[in-house]
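Sharing a structure with you now.
Each chain gets a letter, A, B, C, D, E and F, in the order it is written, and its residues are counted from 1.
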């Protein structure tokens, strides 16, 4: 796998998530964390899930979503911060979108 | 439109401070910083109204729990608004629906307003701060 | 009487502060009664006596000092915001606080807001 | 006139300008300053100019636009910071979008 | 798509630091903070490449003049990139066209890339920072 | 050997810092060699000895200190960023700097980046 994208901002407030998606490769993984969890309900998310057709691995930090009362959808994997550490080393590099 | 013009031209009624909350609750201190101002105005018996727009509407949503993030959850303090006579709490309907959020809030007395009503309610205040 | 209160939330190393300073000075030059500037959030960093900005950069703090002296412009910093940023751990006789600034509480903001005919945030 | 709106952020990066426009009344004025100057080239600007049909007074701080090499369009009035001070008192209140 | 896969899978070539600039030049210090890192990497003879995306593309546009804002104009320092052997400067074409900007830059050697090329160029680096 | 370098740009009163701390601690617990944390931009505020965060709020600075002691985790603050924020006006024997932190230049970031197999920014 290639790049791990840590998405920490709401796409409703800033265009960081859109920038992330514009460079996303099909081997990459995405982690929604902090305010990035809000993106589960953003239209960009729907297009991401459709576009990648399951090839991009999409994750969300479960405590960050729960704290915000956001339901985790089935297309997305619920993970812990310790899993983010593991993903850091199963990918070649990390880009943080904050 | 007529009712709005009447409201915005009735400058005699314009009073107090409106605070617009525009940021989500947990990643920045803006919400807490705005709350501190609201409570001080309340304790000095000065009129203050709270507006929630954009990502600020997330501050009102029910069933949140900042303690999962090791954060002292300032949202719980919203329940003190009644004690401080802070009664005018407005949320932008468009911002809620953009975010696919239900009108399910963790405090009572939240008034859901259309953009035109939201604007008109803002206009009834003398000063505005935004966080 | 035109009375103005100003709230500053950006730190001295932000260029947004230059706009705020230019606005406040323009108001003073125009004869408007600026009843006070209230520094909140990162704005309180202006009162940190130890801040050193490269000499070829804009000296926001020196400009606030100048306005305070020239126009007796009251500059208030919020003590809660200051403590969080390592400035006002003890407010009396604190040599970390630039003496152009007064350590105040949010009650001062209430007073400024009540007295001012206009409140402007930067 | 009613409210003076000071717009200090790029609508390409954040949604503050959109929020401003959603509460804009036809008696209001807008000042584009700091990164708000970039909005002269944003699609929201076209719709604002069309929508208000000349009733909303739209201004831009000329030094802020020039520093950014942004051309000032004719539908918008070029002003100085001292004019912003004057507008502060010809309107009933000021909202800063930053 | 084949050429991209080849590039991103050639991990032996991945080296150096990529810095993504995402903020406009004058209102925040992000651009200057990123520049300071780039120049240090250059002076230590470490490979560093600069990427401009989103509002970051405004940092490259010709005819700007920070002195009109009483700002020390760090953009002028971009002309030192050659001296520091910083040669790989990439800008996102989509970000330029969204902002109705011409390809008129205040430094030479700026490479305008499509989103796919921009992504592939990023992939050739070992580490990425973003400001 | 998995080696990790971390860059922190958020201040101690930002909740985003909690995520960063949780991540770094999880890496240390997993046995990863965290060769250093570099504090840049507002991140340098962590080293301000005078910062006082209300006792019922998250104590980011205390947590960094704990990780530094427990794991000998090197914590570097960027001197240029620190000076702008009123912390490191004189770097030697400075009682404004929390002694868990080392005052460094950006050259330290070059070294961390060169040595680490992964670089993560928060």
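The criterion applied here is as follows: a contact is a pair of C-beta atoms (placed from the backbone, for glycine too) under 8 Å apart; a residue touches a chain by one contact, two chains touch by 3 or more.
What you are looking at is a predicted structure, and each value in this text was computed from that prediction instead of being measured.
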item: Chain E reached from chain C - shortest hop count over touching chains; value: 1
item: Neighbouring chains shared between chain D and chain F, ordered by label; value: A, B, C, E
item: Most widely separated chain from chain F, with each centre as the mean of CA atoms; value: D
item: Centroid-based (C-alpha) most distant chain relative to chain B; value: E
item: Centre distance in Å when chain A and chain B are each reduced to the mean of their C-alpha atoms; value: 30
item: Approximate Å spacing (C-alpha centroids) for the pair chain C, chain D; value: 25
item: Chain B and chain E: spacing of chain centres that average the CA atoms, whole Å; value: 40
item: Between chain D and chain A, distance of the C-alpha-averaged centres to the nearest whole Å; value: 35
item: Residue list for chain F, restricted to those that touch at least two other chains; value: 13, 15-16, 19, 118-119, 121
item: In chain E, residues with contacts to at least two other chains; value: 26-27, 29, 54, 69, 71, 127-128, 130
item: Multi-chain contact sites of chain A, meaning residues that touch two or more partners; value: 8, 12-13, 15, 34, 64, 93-94, 96, 98
item: All chain pairs that touch each other; value: A-B, A-D, A-E, A-F, B-C, B-D, B-F, C-D, C-E, C-F, D-E, E-F
item: Touching residues (chain side chain A, partner chain B) in the complex; value: 8, 10, 12-13, 34-35, 38, 41, 63-64, 66-69
item: Contacting residues of chain F [partner chain E, same complex]; value: 7, 40-41, 80-81, 105-107, 109-110, 113-114, 116, 118-119, 121
item: Residues of chain B that touch chain F when the two form their complex; value: 26-29, 69-72
item: Contact footprint of chain D on chain E as seen in their complex; value: 23-27, 54-55, 58, 61-69, 71, 98-101
item: Touch list for chain F against partner chain A, complex; value: 2, 4, 15-16, 19, 22-23, 26-27, 29-30, 32, 117-122
